[in-house]
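Presented below is the structure to which this report refers.
The first chain written gets the first letter, and so on, giving A, B and C; residue counts start at 1 in each chain.
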Amino acid sequence: MQDNATTGAMAVGLSGLTKSYDRGRPVLKGIDLEICPGEFFTMLGPSGSGKTTTLRLIGGFELPDAGQVTLLGRDVTRLPPYQRDVNTMFQDYALFPHMSLRDNVAYGMKIRGVGAAERTERAQQALDMVHLDAVSDRRPSQLSGGQRQRVALARALVNKPKLILLDEPLGALDLKLRREMQVELKRIQKQTGITFVYVTHDQEEALSMSDRIAVFSEGVIEQVGTPQELYERPASRFVARFIGSSSILGGEHGCAILLRPEDVRMEPHGYTPTPDEDILPGVVEEIAYLGPVTRCQVQRMETGACVTAMVPSRTARTLQEGMAVVAVWAKDVAYPLPR
Amino acid sequence: MKGFTTALLMASCCTALVAQAHAADLPGAIGKGEGDLNVVAWEGYADDAWVKPFEQQTGCKVHRKYVGSSDEMVALTRMGGGKGFDVVSASGDAALRLIFGHNVQPVNMSLIPAYDDLMPELREPSFNTVKGVHYGVSYEWGPNILMWNTKAFSVAPTSWAVLYDKAHAGAITVPDNPIQIADAALYLAHVKPELGITDPYELTQPQMDAVVALLKDQRALVKKYWALASDEVDLFKSGDAQVGSAWPYQANTLRAAGVPVQDTIPTEGATGWADSWMISAHAEHPNCAYLWINHVMTPKVQAQQALSFGETPGNTKACAEMDAQQPGSCKQYHANASSAYFATIKFWKTPMKACGNGQNTCLDYSAWQRAWQQVKQ
Amino acid sequence: MTGGRKLLGHVALLLPPFGWLTLFYLGSLFILLLSAFWQVDPMSGDVVHDWTLDNFRLLVSDATYRIVAQRTIGIAALVTVTDILLAWPLAYVIARKVGPRLKLTLLVLVALPLWSSMLARIYAWRLILGHDGVLNWFLRAAGLPGQSFAFTNVALWLVFSYLWLPFMLMPLVSALERIPASLLDAAGDMGATPWQTFRTVIFPLAIPGMAAGSVFTFAVTLGEYVTPMLVGGAGSEFIGNVVYANVGVSGNVPFAAAFSMVLLVVIGAYMLVARRFGAFEGA
């Protein structure tokens, strides 16, 4: 990874990518993106936003209508998948049902003519890494979903590619397994230093794992940034809404401001704010007890403006629906959304 | 007659089988028709030309099943315990098998007026009469002929040799029938007299080996072995076959369809058939069966049958009727001088272990069937 | 208690079909097996119930039957290979290359001949291949020498391949349809060229489809006798024709039964092989 950094070439460079299916609706309307070597990069967005298509263009499974794809500075736009030094973990894992786990993992090596002994050894090591070495003779149909997922990971890792593409790999797992695998994936990515390009529609997953995130919406990238940047300084209403929960208030001069609920506190009716504070007087519309915190929605009857606050449950005991209250926040936490 | 000796030999070893034939079992009169008649016959033997008048006269509705070989005829009459048919037009080689297989019953000739008009050779021939008991009424007879398409032959062939001639490879057709071995034996009897073949149906193993060798060589030249007369007609129509062994029936049919074929009895002579109408031992419509036999034995139907199939009637009174229907046809089909012509044809009979010379070294029909399978492969 | 009654119910439900199958199917198979050890009296045509191995002895000693069996198996195998080769490109296009509407059209076109009588289709081939047939008419019009495939084993091979092609095509199409597109992506992703992907992924995964198709092209061809009778020539006899001749013409059921046993053993062995390759695994 070091040598890539010194040459300065991006792991992935996308410029002006467009793509549409069936001469109809465009799926990608011009994607520009640079992904650094060794990065855990996530493409986040709702379904149909173009994130998976972008991934498939990087992998070479589809060709763009226009634009360019570079991998480590090399233009691969028109190259087929087998000429790109990329490995992919597919959403359905895409394990070969007619091969044992070992043969699945060793497939790429076999194709490239690696000797049988070396192949077996490396495949066994890769399976060892995902704790499946004991069952390497089995067929994929004999495995659970979580196990298949780990085989797919081993298969993607065993060729030591510069780049691994992951297409919603945890989508089919239950919540507990999902959490475990998130940690596992992150650990392996750090350990190997391989660039991960990860597609998900789960913003929590994206925030917890990624070095940087690109937020997709309707075929364009709304924003690229670190999880903190996206959360704290979203570039658009869409990003603000999609990442975390938030309240958006119409500010002065038609400019909208964003409030994160954890920055809002509740005061009794008649509270006078300090010069550093802004307030929204109103009534409690809804209270939801979430354990450590309680979510509380305050609405101002006259304007319909609405603010959500997340307050420690201990301090929320007196709140009742219909109660007149004042929602309070420090002026400097209100983030003016760009137009 | 040699055939008679054979029949005697067979009869003596199978007396138990035919012992039930007593005059007492014979019907004394022909009753009213039962309304239906099941016929197993050679193709062309139950033509509408005489079936329709029969149905009108007797009220017996005729149900036909056609066959292309004696073996098929025997198999068909034995199916379902022999209850599936009332009358069958068995050739000599099938008739004895049907008699010894209890498949047919004795016929009371006093109920068949035309019996008295039959040519003498056909009144009690060995193939349908055993120990003086009649099991069938002789019907018509004819030769297996050599037929060719005149477009392919500038000179008319006169010998069976053309069927073994490489010059006609891929254009030859012969019947798919074990009795066809006799045709080759007849030919070999002429070209290889040292084999000592005297009767083409009485072959020893060495003679059979020679015949099979000839027929195996012929297989490479054969386009197709025909199973039904209509198959051969199709083969000549499509041009796939240009020369072959046939019945006069195919030649007549093809000429009627405008295919330029000629036929002849080659110099070596010919095998042939003499058919008898026989009544099933389990006939459900015996009255219709007798009515049918009497109908087809009339000079008119005898003549119609002879002309449509190209054969010779058994009823000597058919000659005038033939000339009436088609002038000159009586002479053409030898109906006027039948006895001399009759002697030139080697009629189909079932090959048996007992040779005509009192030896038991000949091959029986099951050996012929196996040999034929070897020929066809 | 209820479990027991339920089981009893299942048994009662299965008894009629299974009893029927056992009685008629296995029963007649058993009689076939038995009669192979009997003989027939050549004159009367009666079956003689004396135990004998003569039928089998004749099958082994007479080269004729070995030749017939070899021809039958050989042509069936050739037809299978031919149909696999013919079916692949078409099945691949239908399964993976065309849209749903064209796919439906193509499948209907493939199945269309099956709605007409098999005999009619066989006769049509006689008209095509005949000496004065359609094919020669075209060849002569083009100034080429005529062919004489009619009533040869070549004709038999052509007609069989034609008759069973849809039966190879359909299972192959469905096998190819069932291969997830992601598997092909995955193979390419790991460096396999399209040809390598075909060899290592598509072909092995289509084997059950080919095995299912071969049950028709191979096993059904083995048991055929109508097609050889109609389009075969001298030296085109199949096992089925010898069996047919012995039953329907010679009336020698015991020998026919003995030869049928050979056929049954070959087909049985082939079914086991086909099952091994997944021919009968659910669609």
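Operating definition for what follows: contacts are C-beta pairs under 8 Å (C-beta built on N, C-alpha and C of every residue); 3 or more make two chains touch, one makes a residue touch a chain.
Predicted model, so just to flag it, every value in this text is computed and none were measured.
Here the chain at the heart of the shown protein, by mean C-alpha position, is C. With chains reduced to the mean position of their C-alpha atoms, the one farthest from chain B is A. The centroid of the Cα atoms in chain A and the matching centroid in chain C are 55 Å apart.
One finds 92 Å separating the Cα centroids of chain A and chain B. Rounded to whole angstrom units, the spacing between the C-alpha centres of chain B and chain C is 38. The part of chain C that touches chain A in the complex is made up of residues 180, 182-183, 185-194, 196, 200-201, 204-205. On the chain A side of its complex with chain C, the touching residues are 59-61, 80-82, 86-88, 90-92, 94-98, 107-108, 110-112, 155, 159. Residues of chain C touching chain B in their complex: 40, 42-46, 58, 62, 64-65, 67-68, 71, 126-127, 130-133, 148, 150-151, 229, 232-235, 237, 242, 245, 247-252. By the touch rule above, chain B contacts chain C in their complex via residues 10, 14, 17, 69, 71-72, 74-75, 78, 96-97, 100-102, 170, 219-220, 222-225, 227, 234-235, 238-240, 350, 352, 364-366, 369-370, 373-374, 376-377.
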